[in-house]
Amino acid sequence: MIRLLQAVLGGLLTGGVYALIGAGLSLIFGVLRVINFAQGELVMLGMYLTWLLFTFLHLDPFVSLIVVMPVLWMLGWALEALLLDRMHGALPQNQILLTMGLGLVLSNGAMMAFTSDYRLVSTTYSSSSFMLAGVALSQPLAVSFVLTAAIATALWVFLARTDTGMAIRATAQDRDAAQLMGIDVRRMSRLAFGIGAALAGAAGALIAPTYYIFPQVGGSFTLKAFVVVVLGGLGSVVGAMLGGLIIGITESLSATYISTELKDVCVYSLFLIVLIARPGGLLGKAE
Amino acid sequence: MLRVESLSFAYGDAQVLDSVSLEVGKGEIVALVGANGAGKTTLLRTVSRLVKPVSGKVTLDGEDFSRLRAHEVVRRGLIHVPEGRRIFPEMTVRENLRLGSFTTRTDRERNLEKAFALFPVLLAREGQLGGTLSGGEQQMLALARGLMANPRLLLLDEPSLGLAPIIVKQIFETIVAINQQGISILLVEQNVYQSLHIAQRAYVLERGRVVLQGEGKALLENPDVKKAFLGA
Amino acid sequence: MKRAWIPAVIVAGVALVALLPVFVKSDYPLGVMIGVLLAISLGAAWNIIGGFAGQYSVGHSAYFGIGAYSIVVLLGRGLAPWWGALAGSFIAAAVALLVGSITLRLRGAYFVLASIAVAEILRLLALWAKSITNGAEGILVGEFPPLTLAGHTITDFTGKPPFFYMALGLAVFCVAVNAVIAHTKLGYYLQAIREDQDAAWSLGIPLSLYKNAALLISAALAAQAGALTATYVSFMDPNSMLGLDVSVRAVLVCILGGVGTIWGPVAGAIVFTLLDEVLLRYLTQSHLLGLGALLIAAILFLPDGLMGLVTRLRQRSRA
């Protein structure tokens, strides 16, 4: 029983991070109709930036969020303006390949800049844990979960309540109609890509204390983010949040009860099953 | 106030608009009628800059639109209520209206009151998602959303399409009422009889060309119009 | 428009390439040429499902890896390589049939994602099944038994030339399969599916039958490319044979050359391999940086690939 509780709670904590990455991917897809295959690489950049700030300025990784998020936001904005803006209306395949190319450039650029050595952000609390209901939970993951929840709430309020947030949603629902409301849809695309990148960067900063940092770390996050987003329904930010938690728990349950090596096999199998059974996502309408 | 001069448009090799010229004066209702596929929707989309013309010119009160993008036209008071209503299906009625006033935030509360006064049914449905409304309610929402932006000129694309006759009558009455507030209207319709009835002037579009123009009531008597559209 | 000289030029070209090992004695250029030929095979294999049918699989490493592991694992168990290679194609085709029957119903991005997931599952399984694959440590490929005919040894598979001829044979075969498909009913149906699935369906074209057939052929050929690559480099592990890089390479070769054209994979493979050689020299382990940039540039500036550029130049010179 304790083992099950441990697995579920532990999975919930990592799931929060997946949710954040997935929410960014989902937002980008919703507005630009482009699946960003470089999403994991943006997480990787967030991790390296956190590592730099920690190593050279002794900035706490959780505090470094206030630097990492704006920097990644600007990067996302610039990438949209330089690359994706030209791809509007292009074949979806080509858009996918463009972002794949971007991912290759980012990960191999990181390899040139930082070598392929594993980096660590070893804070005093990196491996400390605390007890909750008889279950040992990682302290940094718990902090990151709380921050994730805060960022997710802020995102939700922004999208649901502010004029700009509504304009982003309107652009996602009907690009032409949004323009007829006086919304500059190209600016919204930039904004959405920027926010998506900032969310990925935030996830990178939040997991930096508990993960190895290396140039190729992004790939698995990209794949997980896809799974998260398809579970929640492409384009649905709330769905992505739910999808993230489901993936986190699936992963940790299969690590506990099947095998650590096969946990991702379970995640991807679940993904295929959902994709085939409910192509619109768990929350979406079945087609 | 609106002048369209020799506007041409093509999808690839297919010429859709062939040197169309027309005018809408201040305070007028001008009808644009024509068969399915004549190019009416494309004309409105070109005027509101959703698509760019191959050649020709659009001006509003003398200002040339050639360098403007679609969202910039809205700030100049030209509001396009598109074919098929195109309300945001996953947003509530109130959110749809709020987006309508994206460029006129300071007048939002006042415009909202006016919209609810014109369409009381929207007030009753205010928290409902746009996609769950009936066709007539969606059309009212689309009109109300257009009014939220303080239009000087409204482009209406087939506002009566697919609606029950009683609702159609209501929509046409509303259009007249909107016009009486001093808002000019360019009305695209398949419902030729009613639109020529309320229009001061009208144009007939056929395969991308203006083939007839004149006063609304006069066109109602025109034998060609009668034969083509009024089933006589 | 009869152009009878084309087959003659092709035969002459292949013959000329076949004579190369006679003149080129040093290993490096021969190695690069083998790289080109293997890239042609993989690209041409992908082109059938991705190019003709328009189903962008980004998981072809699955079939490539199945071919590689089949031949090597069976060789280690004492089975002759040609049987191993054949087995690889059969297993890949069987897996393709299973995968295709469930994922080819998906459209656009969903199909892409599903194809990646399948390949990733196989990679993770290969890492896990250590008793068969030796996990992440990989396998050193055993030596080939010499090929004999009526008591005479034809080759003992030492040095590069034997692999060069096998790669040439495979590349020619893969391109020939593309050409045959392009000129038969299957090719026309696949192109109709690519242009507009719904229209193709309403014309009575059985979508899933043809898409599955395309994937099956594509997978069987990709497995051969994998088998030959693994035995040529003589070392394999799950990441090098089943990793996303392999899948991206297959797509990139076709994008560069021209998706859905017969000669696209050939042109793309030449450009890709030569550029990669240069990049390897200057960027060493970060050489994929250059490939990523190339991919971006190709899509932004050359969306129809090199063959598209050729067509455009030809049209301009005619006009």
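Letters A, B and C mark the chains as written, and numbering starts fresh at 1 in each.
Just so it is clear, a residue touches a chain if its C-beta (ideal position, glycine included) is under 8 Å from a C-beta of that chain, and two chains touch if they have at least 3 such contacts.
The structure presented is a predicted model; accordingly, all values stated were derived computationally and were not measured.
Colleague: Could you tell me which chain's Cα centre is nearest to the average position of every protein Cα atom shown?
Modeller: Taking the mean of C-alpha atoms per chain, the most central one is A.
Colleague: What's the chain with its C-alpha centre farthest out from chain A?
Modeller: B
Colleague: Calculate how many whole Å lie between the centre of chain A and the centre of chain C, each centre taken as the average of the chain's C-alpha atoms.
Modeller: Roughly 32 Å separates the two chain centres.
Colleague: Nearest whole angstrom, what separates the Cα centre of chain A from the Cα centre of chain B?
Modeller: That gives a centre separation of 42 Å.
Colleague: Measure off the straight-line distance from the CA centroid of chain B to the CA centroid of chain C, and report it in whole Å.
Modeller: So the centre of chain B lies 54 Å away from the centre of chain C.
Colleague: At least two partner chains per residue is the criterion; list those residues in chain C.
Modeller: Counting only residues that touch two or more other chains, chain C contributes none.
Colleague: Which residues, counting only chain A, touch chain C once they are in their complex?
Modeller: 35, 83, 86-87, 90-94, 96-98, 100-109, 111-112, 116, 219, 223, 226-227, 230, 234, 259, 261-262, 264-265, 268-269, 271-272, 275-276, 279
Colleague: Mind listing the chain A positions that touch chain B in their complex?
Modeller: Counting only chain A, the residues touching chain B are 163, 166-167, 169-170, 173-174, 176-185.
Colleague: Going by the contact rule set out above, which residues of chain B touch chain A in the complex?
Modeller: Touching chain A from chain B are residues 48, 50, 69-71, 74-75, 79-82, 86-91, 95, 98-100, 102-103, 105, 145, 149.
Colleague: Chain A touches which residues of chain C in the complex?
Modeller: My answer: residues 56, 58, 102-103, 105-106, 108-110, 112-114, 116-118, 120-121, 124-125, 127-128, 244, 248, 251-252, 255, 283, 285-289, 291-296, 299-300, 303.
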